[in-house]
Structure formats: structure tokens, C-alpha cells
Amino acid sequence: MIRVGIVGATGYTAVELIKLLLRHPHVQITRLTSRSDTGQPIEQTHPSLRDRLNLALTEFELEDFVAHVDCGFCCLPHAASSPIVKQIVDRGVRVIDFSADYRLSSLEQFTRIYQVEHADAGRLGHVPYGLPELFADEIRTAELVANPGCFPTTAILALSPLIVAGAIARDDIIVDSKTGVSGGGRTPKLNFHFPECNESVTAYGLGTHRHGPEIGEILSRWTKQPVQVTFAPHLIPMDRGILSTIYVRPVGGWDAKRMQQQLAEFYADSVFVRISSALPTTKDVSFTNFCDITTRDMGSRVAIVSVIDNLIKGASGAAVQNMNVMYGWEQTLGVL
Amino acid sequence: MIRVGIVGATGYTAVELIKLLLRHPHVQITRLTSRSDTGQPIEQTHPSLRDRLNLALTEFELEDFVAHVDCGFCCLPHAASSPIVKQIVDRGVRVIDFSADYRLSSLEQFTRIYQVEHADAGRLGHVPYGLPELFADEIRTAELVANPGCFPTTAILALSPLIVAGAIARDDIIVDSKTGVSGGGRTPKLNFHFPECNESVTAYGLGTHRHGPEIGEILSRWTKQPVQVTFAPHLIPMDRGILSTIYVRPVGGWDAKRMQQQLAEFYADSVFVRISSALPTTKDVSFTNFCDITTRDMGSRVAIVSVIDNLIKGASGAAVQNMNVMYGWEQTLGVL
Amino acid sequence: MIRVGIVGATGYTAVELIKLLLRHPHVQITRLTSRSDTGQPIEQTHPSLRDRLNLALTEFELEDFVAHVDCGFCCLPHAASSPIVKQIVDRGVRVIDFSADYRLSSLEQFTRIYQVEHADAGRLGHVPYGLPELFADEIRTAELVANPGCFPTTAILALSPLIVAGAIARDDIIVDSKTGVSGGGRTPKLNFHFPECNESVTAYGLGTHRHGPEIGEILSRWTKQPVQVTFAPHLIPMDRGILSTIYVRPVGGWDAKRMQQQLAEFYADSVFVRISSALPTTKDVSFTNFCDITTRDMGSRVAIVSVIDNLIKGASGAAVQNMNVMYGWEQTLGVL
Amino acid sequence: MIRVGIVGATGYTAVELIKLLLRHPHVQITRLTSRSDTGQPIEQTHPSLRDRLNLALTEFELEDFVAHVDCGFCCLPHAASSPIVKQIVDRGVRVIDFSADYRLSSLEQFTRIYQVEHADAGRLGHVPYGLPELFADEIRTAELVANPGCFPTTAILALSPLIVAGAIARDDIIVDSKTGVSGGGRTPKLNFHFPECNESVTAYGLGTHRHGPEIGEILSRWTKQPVQVTFAPHLIPMDRGILSTIYVRPVGGWDAKRMQQQLAEFYADSVFVRISSALPTTKDVSFTNFCDITTRDMGSRVAIVSVIDNLIKGASGAAVQNMNVMYGWEQTLGVL
């Protein structure tokens, strides 16, 4: 039994994380911190937790946190996260960080993309990217793991095995992603106001969304080859789920069928990646940690369709899976 | 051709009103005022108006407004409305007011319910309630009309003919209403945030919602008998539409069938009220000015089901219908 | 470890049941029967089960079923269920039946309401109603349990403690329920076709829905007093969830606050019923086995708001909870 | 005043068409034909038309139809349409056909794609494609017009001006489209069943959807250059709206900004195509005949975003616009 704490416990990823952790046989939640609602029982912020977790939100205090927590989950936005994470990890407490602060390898790249200072630049390049399907070896012993972005998870899982197999052109990849609104967080804004986004679909961040470079960098890091993607996210009127349609140009005679076989072999031992011949829907993986993938011939191209629940495999489920790897437990504990 | 202006032109009722007025053969929109987005073309706030109305938002200025407007529509919240409306009407410009400020007859009642001061108390009791199906005679010559609340429209149209006919107990009426989220306005708030209200239904304002007393007062005013209702609104994950299920206790041997006949006769000449034997859905009246009503026996009670589009018959369509009555035009101009 | 089988395994309640049973530590699913899709892996019908349950659908055969199943779940429609259930129970296999066939006590009442013959009339009156919060003693030793209707669950849990306390008039109860579309089943029909029910709300079955008499009968059975309710269901554009707004007339000076205390005391040991002062939303209980209840004063009436997930506490979660009671396990196993 | 009739009047495109025609100053609806619901008032099939159109559905009979109709709208599926259309047009009545039967130029191509016989092959190659923005000259005098497919409308309007300007590679175009569910028609099917497609997004018809070749052929016909597109449609949980994200490879130094200028100039006189710098949402054009388009640089590619209401500009609005052109009326009559 380990003690876990969550920093930034009022958002959607945090409440999903709490629900998963409540089902986990080896953990006890001991701290929930926040800058708002402090002093109040967590169930006032998240009524779905009524009678399930008798714990109040507290302001983050380093001494208290490290004294009561063996493994911390940090659910803060980028730039707000690294100053806190640095302190916790420096004190020897392991951390899984949900922000983008530790996903990229170099300070230069981080600064160019996020346009902010980094509070813990010395760790960049030494933090494993939290996709256990690809980086389990490094995650196992890590003090700090960078939980992946939701969109990148769909794309990286779909593309990695194909790039290393030499099946596709590395400079001609388009990722067209569709996401539910919970991906935008819990802070009310006009573009997430129900009468604005309901019964509507829109593209956003075309050419500028930060998950584009993240996909490229992690694919490059893992495949050890330069990879570039064109990334376009879209907002869909539903709570949760991401479907990415990935257009690739096959090389060397590869087609959809062979790609599917390659994916199936590659993920034969990865319980959370399911390769199928049917077109998956986001509902097939809703409220689960699965990523379902299939492939289709499209004339001179192949389309790869990859779906996840953005709050589970795209955030909190992946975090628990990472924790399981870090502590040597079954990857499925609490997330199946 | 008359010149019309809208005060408070950035909300949902205003944009619906603009779209209706653009189709109206006898009006020209000359002024759109607002406290935010001033100086910008209206299409920046409402992209659906792109290329349809070449007019910028301006700050409200009395002299300018009354010089360029023959009929004003005031889309401000209660308490914010009457200070403006008073000035405009005092200058001889006719006004249709969307707020609750002029719906009730007495200052005492207004103050008790809304807990604010009234800037134009002298007019209370002299402003017709803008349901042309019931108050057309007074609306015809009015300088100022109080546009009805959205929930009250469903209930008052359904109940008035039955009360005057002596068909139901006046002290045992329950109005259970279900509304789309646009009724909550365009300002982002947590309870209207997509991931909060999507895939969810909730009751709100039980025992305290201000439309309860409004229904009671207008029914009493029109029927000249004391009427009291129990009113409970619910938030439904859809953009627009209100369905009210009204539970009444029949007296004197009345049943659902006879009530339906009474309603059909009463509204025989009211083009926008459709009495049918089928259960209406809100979609049947979506984007229209219709109110569809039916009745059903429920043992010792009768249920009356009444549906409208909250933004049209519940707000902007009713306003245009009122304008048509005020100017002696066909009630359907621009709203059919 | 017991072996469980599901009869009628292609619908929405069945797939939810399978997911719950897969998490249950003491059961193994051995049979899934169906009249369609037989011979195919269950994951072809329910892709969300991909790689999670390696079992094919088979036609129901009595000998095979009773040889491989210790506890059966029957997810067939009313009238189709009792002929099968009778055979299984006669062979000594315990059954939890999802249909309405065994919920009422008398053949006369069943025939009047359902207008069909009953294949197992001899058992009527001897089958406990599967609400463990009220009938746990009888469920514990039952060979057959009648799983409750979804709407009745919300109403019976809310009303039972108030009726026995003498807090409300037993002949003046209105239950206005709002349900998600999954309650209508998995067979495509025009009224559940997406473009028909999306962005729309409608009442249905007013004065005729069979859950009205079910609520009345079970309340009467448990409280040993005659109870009658007026019941009106409404279809809401969401997947799952039921919110019932129940209008009661307090007697003997009871008010909302005292009713809430009574409910809280009554359910103090019932982990799945949560009494709160806040207005619950269906989302608070989505994908859980909880029923959240609160009360509000409404002038001469009190409104009680009660919410569940129609597929969990309203069907499959209740069934697993019943199984837990029948086998002497913790009620929460597999459903928390 | 001309007399119009609709063949196949029970679907979603037909009811939208009726609503538009009821607002049109120069037409009278005289015939509504159908194979189901015949003999019944149209308002029984479409309750939204209650009291608005007093006309019953009749079985299609040629003599009766051509005697009472000057302009026919045929809303039948492909293959079912041409046998009827042929008869009507042969009798000298002008027709606007909603099906795919007359959109392609050659029998060979039609047969290859649709795999059925064509009942009126002689007319192929002589029927204008009903996009007045591109083919107004031919539509003006046509006896028969092929109303465009919904997806092709978004893509052809966006791409045509860029291809003729030589701005993009003609063999490297990807059209990723997102559509509301009404595009799937009014016949209940499992994949359009509310609990299946709500809260879910899915790709379909990848590599096989017939609108892919339609886009290619019409672009080739209009630009007189060979054009090929990769087309992937997706189903979105909303009633109506299509958003297409079109990935093109610029040539000759063109970028997003210059493309936007080219589009703006090209459509300067086309009232229904609005080029803007903001990213359009489908809601911006909901319930209108507008197509909103913008462009964005995406590294080595440019993304063009194009939105319509699939039932209006993608079907019935386009049909009325075509009729207006055929009769020499303002293009906006009844559709603005």
C-alpha cells in the first residue's frame, strides 16, 4: 500500500484519477491540493465523489505533502507545474506530471513552443515519456514521468511501429483529430459554453497547436529518425473521446493490411492497445484505458484510425498505468 | 418601413431577433447597442450574421437612439432594463422590453420577488403583458410592452382558457418545465459549461424561480381569479426548446378531451397556437413561433403538455409578433 | 467463484452487466445466449468488449445452461422472460430477472397491465422485488429475484421512508421522470433515431406507462398501505440517467428539511443511497450504482429529486447488488 | 407563381424543402408523393408542418403529377430516382433531382461507382451540376438539374478557384469531412440509433464513399484538368452541419493568405459563399444556405476549412437556389 497525493485536484483529469485510484488495491489517497475550494470536502467540488472519499482540499505545502505522499500526481497546467514538481521530486517523492513541462527533451524546444520560462530545465532530457507501450523500461525506475498529451497518445501509438518498420514516408503525415469538450478543461469559457459548442463542430489551433511538435518529437525520439507531422484538432459536441484519422503515404509496397498486421504483432503483449479490422468508434473505448486502432487503404494513401478516451488513456488512466509500471505492479491494476 | 434598434445586442435573444427582423418586410435595423464589443461590426460577435447586416455595435446614447429608432427592443437583464426603457419611452419611442421589469403589476410584488429597486415604478400596472393571444387589445396601442418570460408563455397559454372555463382547480396546479441551455444566456458559467450540462439533467430554482409568481400573476390578471402554481424548471442538454408538463385537477366533470376542445376553440384564430391530439416534441416547434399543446387523462388528474422554442415564441418571435400588433400588421410578418 | 450466464446478451443492460461482472472477484461468465448473432464472439456485437471476454453467443439450451451456470441473469423483455426463467429456476439454478414478469404480486394485476398470458403465474407473489435497500431479507434466500424497473427505483427509494413515517399524503403523489435514450433499448426505432430525439424533449406514455402501477404496488407492498401515483416519463437527449421530480403533499407539519433527515436516517447503512442537501444531477451518478436524493419546499408541496443511472442502479448494477446479497457477499463487490 | 411538387416527401431533405418553399413568394406546393403514409396529411409525418400546409401524401402518378406541377423536386435515393425523373422530364416538366443519378457525366463511371443500372443513361453528360456558383449559365436553361452531394459542395466550392488559379497540387488533396447525423436519412438503423452515435465519433466509408469520385469528377469538369481527392467522412453527434478540413499542397509560392484573397475575389458576387479570416463553425451556417470558408498555413501544407448546413446548402437550400436560377429570380428568394 502506497500513499498518493494529487496536486491540482479540482479539474476533470483529477476527478477521473481519484475514481481510478479508489478502485486500486495498493494505494491510499492522502492529499488533495488546490488553490480554490480549499478547506472544503472534495465532494463539494465533485458531487460524484459524495460519500466515496472523505478528504478536504488543502493548499499545497511542500513539507506536509512529502511527509504524507509516496507518489504524487501533478494535474497543473504547463508552466505552473514544473515549479511544484521540481520541489517534490527534489525531496525524493516520485511524481507523474500531467502537464507538458517535461514531455519535450530540450529547453530550446520547450521555450520556442510554450513561450515561457521553465522552472526545472535541468531535468529536461532525462524524464521518460509516459507511454508504457513504448517506454516501459525507463518508466520502471523513473523518479518523474511525463504523462503524455491526449492527442499525441493516439498518433504516437498508431505511427511508431510503422515508422520503425519503414512502412511510411516520415515527412508526409497528417493527423486530423476530433476531441470531446472535456479536453478543454473545467474553466468556463465562451467556446466551451454549451449553446456555443453543442450542435457544432469547429477546427482550432490549425498550424499552431502544441501537440503537433510533441507528436513529432516523441516519434523522432523513439524511432531515432526525423519525423514531422501536420496536426489539426477539431472540437466535437460530446464529453469525452478522441478519434484521430491519420493519413500516411506508404512506401516499399506496404498497404493497410500489412500495416495492421505489423501493429497487431507489435502490440501483441500490450493489453491496452487493441488492433482490429473494424472501424473503431470513440464509444468503444469510452471510460476505458484502451486505444483501438485500424487501417484502411485510400488510393495512394493509407488512413489509420486511432481512438481513446481523452480523460482515461489520454490522461488519468495512463497515469495510473505509469504508476503501476513504476511500482512493479500489473499494468492493469485499477484501470481495467 | 420603420426603423428599429436593439439595446443589448450581444446575447442569444438579440441575435435571434436580428435574424427575424432581417426577414421582416417593414423594418430596417438602424442601431445595435451594447456595453461590450462596441465599435466592432455585429458579425464579429455573431459570425452567423457575416455579410448579412453591416452595422457596428455602439454604446447606448439616448439622443442618438431616439433620433434613429421608431421602435426599440430592449434585451437587457431585469433591473438593468427599466432605467434605459424609461428614458426611451419618455421620449415617445415605443419599446418592447425583454426583461421582467414591467411584467408584474405592482411595485410591492416586483420588489418582493426581485429584491432590487425599480427605476420606473410609475409605469407598473399600465404595461400590457406581451402575449397577443390574450392581450392584443392593449398591445395594439401600447407605448411599452412587457415581453413574456419563456416558461410563463408555455403555462399561461395552456391554462388561461381552462381557468376561465372553470375546468380546473385554481389552487392545485403543478408546472414541471424542461428547458434547453440557451435559456441561461450567453455568459459562460460552470453550470452551462458543456462537460457539466451535457449528458445530464438537473432541476434548479425549486421553490424560488421567479417565473412561478409571474405565471400566477398573469393568470390571475387575465382570468380575474386568484391562481397559484407550483413551478419547477429543469435544465436539459439541448440548445433550445421548452416542454412544460402541467398537472391540473379537473373539476365539474371535465376531462382531457373536453379540455382539448376548449383549447382548440379558444385558439381557433391564433395562428401560432396549435392544439393537437398528438404529444408534441420541442423539435416540432424548434426555430418557429409556434406553441403546440395537447392534453392527457392521468387518473384523477389531467396533464397538459405545452412546447415552444424558448428563443422564438419564448422571446424574440413573441417580440416581433408584438411589434406586428403594435403597428397593425399581420401577426405573422417575419415570424412564419 | 460461481459461474454466471446471461440470457439475452445483446442489449444495453447485458453489456453493462458483463462489464460489471468482469470486475467482480467471485464470478466467471460462462454462457451468453441470444437469438441473434449466435456463433459470433460477443465482441462483434459489443466492440467495447474486444479482447476482454473471449466468449461466443449461443442459442439458449436449457440443459447446457443449467449445467454450466450457478446464477443466471435474464435480460429478456416481459412475456419473453418468464417461459425461460421458469425452466431455469425449476432446475434449481438461481435467477435474477430483468423483465417485469415477476415484479407484481398477482396474476390479475399482471394481466390487466401487460395484456399477455403469464408462463409462470404460480410464482407470482413469492418473488422478492430486487431493491436490497428495502427487501434484503427476502432476497438473501431467494431462488428468483425480480430486478426493479428503472423509473420505479428512483420513486420507491425516495418515497418509502416518507410514507412509513406518515409524512405525506398517499393519494396525491406525482412522479415526473426524465430519462436518457438508452432506456428505450437497442432496437432502432424512429423515436430513438438520432435526428428525431436529439435536440428535443418529449413526454410519452402519459397515463399508460406500466411503471406507474409498479411504483404504486411496490410502495403498497412495502409500506402495507394503499399508495397511488401519477407517473409521467419524458425522453431526454442523453445516453443514460434518470431524474425524477416527485411532488408530494406533506401532512402533519412535515417539511422538506425533516423529510431529508428521515431519508438520511433511513439510508444511513445503505451505501448506494446518498441523501444530500444539494440538488443532484444525473451526471453525479452516471456510470455508478448510486441513487442521490434531496428535498425542497415548494409552497404547499414538497419536491423530492431522485437520480440514478438507468443502466446501472436502474438495471445491471442493481442485479449485481442483488447477486451479492443472494450469495452473502459485500453489496458493493463489483459495483463500486 | 409556379406550381411545385415533391417526389419522395417523407425524408429530412423534403421537409426542409417544404419549409423553404412555404416562404417563397413565387411558388405553390401542389403535390407531395410518397410510397408510405399515402392518404395522410403531411403533418402526420412531419408534425412541424402542423397547420402550415394542408396537403396529403399521394402515390406518384405521372399523369396527375405533370398536370399539376411546373417544377418537380425529386428526393428519392440513387437508382430509384432516374426512372421517375426520366418520365417527368420527358413530359416537359422541369426537375431538380436530389439523387446522385445525374451528377456524373458518363454511364461507365456511374456504373463503376454505384453498381446499378441507370434508367436514363442518355441524359448523362447533358445535365448541369447544381452549384449555381460555378454552373449558373447551364442551370439557367436546364430542363433537369443534378443537385449536388452534401460533402462535394463543401469541397468543390473551396477547391475550384484554387485549382484554376494553379495554386495547389491537383494530385495531393485530402478532404476530411465531419457530418451531422441527419445526413444519414430518416430510416432507423443501428448506427444512427441515438445511444450508438451520441457521445461518439466514427469514421466510415474510408476509401469507398461515393462522394470521393463525385468531388474529383466535378472539379475536373469545371477546371478542365484532372483532379483526384482522398475523401474520408466522419459521423458527429449533432443533427446537422458539415465541416470539411481540406489539406492541400501549395505550389508556385502560394500560401494561405493569397488563397483566401483568391477565394474572396472569386466569390465576390456569390451571396451564399462567405470567405472570412476567422475559423468558421458549422453553427455559423446552421439553418442557412451559406458556405463559410477560410484558409490556414500548416507548414508544408495549407488547410482549407469549409462549412455548410448539410440539409440546406447541402440539399434543399441549394435546390431552391437552383430553381431561382432556372426561373430567372433572385438567387436568394426563399433561402435568405
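So that you can tell them apart, the chains are marked A, B, C and D in the order they are listed, and the count of residues begins at 1 in each.
Here is the rule we go by: contacts are C-beta pairs under 8 Å (C-beta built on N, C-alpha and C of every residue); 3 or more make two chains touch, one makes a residue touch a chain.
Just so we're clear, the structure is a prediction, and the values are computed from it rather than from any experiment.
A.B. asks: Computing the C-alpha centre of each chain, which chain sits at the greatest distance from subunit D?
C.D. replies: C
A.B. asks: Given the two chain pairs A-B and A-D, which is bridged by the higher number of C-beta pairs in contact?
C.D. replies: Answer to which pair has more contacts is A-D.
A.B. asks: Hey, how far is the Cα centre of subunit A from the one of subunit C, in Å?
C.D. replies: Subunit A and subunit C have C-alpha centres separated by 36 Å.
A.B. asks: Centre to centre, by mean C-alpha position, how many angstrom separate subunit A and subunit D?
C.D. replies: 40
A.B. asks: Based only on mean CA positions, could you tell me how far subunit A sits from subunit B in angstrom?
C.D. replies: 46
A.B. asks: Touching two or more other chains, which residues of subunit D qualify?
C.D. replies: 180, 198-199, 237-240, 280-281, 283, 286, in rising order.
A.B. asks: In the complex, go through subunit A and note every residue touching subunit C.
C.D. replies: Contact set of subunit A toward subunit C: 22-23, 47-48, 50-52, 199, 271, 274, 276, 278, 280-281, 283-288, 290, 292, 336.
A.B. asks: Show me the residue ranges of subunit D that touch subunit A in the complex, using the header's touch definition.
C.D. replies: Per the stated touch rule, the residues are 174, 176, 178, 180, 196, 198-204, 206-207, 228, 230, 232, 234, 236-241, 243, 245, 247, 279-283, 286, 296-301, 303, 305.
A.B. asks: Using the touch rule from the top, collect the residues of subunit D that touch subunit C in their complex.
C.D. replies: So the residues of subunit D in touch with subunit C come to 12, 180-182, 184, 186, 188-190, 192-195, 197-199, 237-240.
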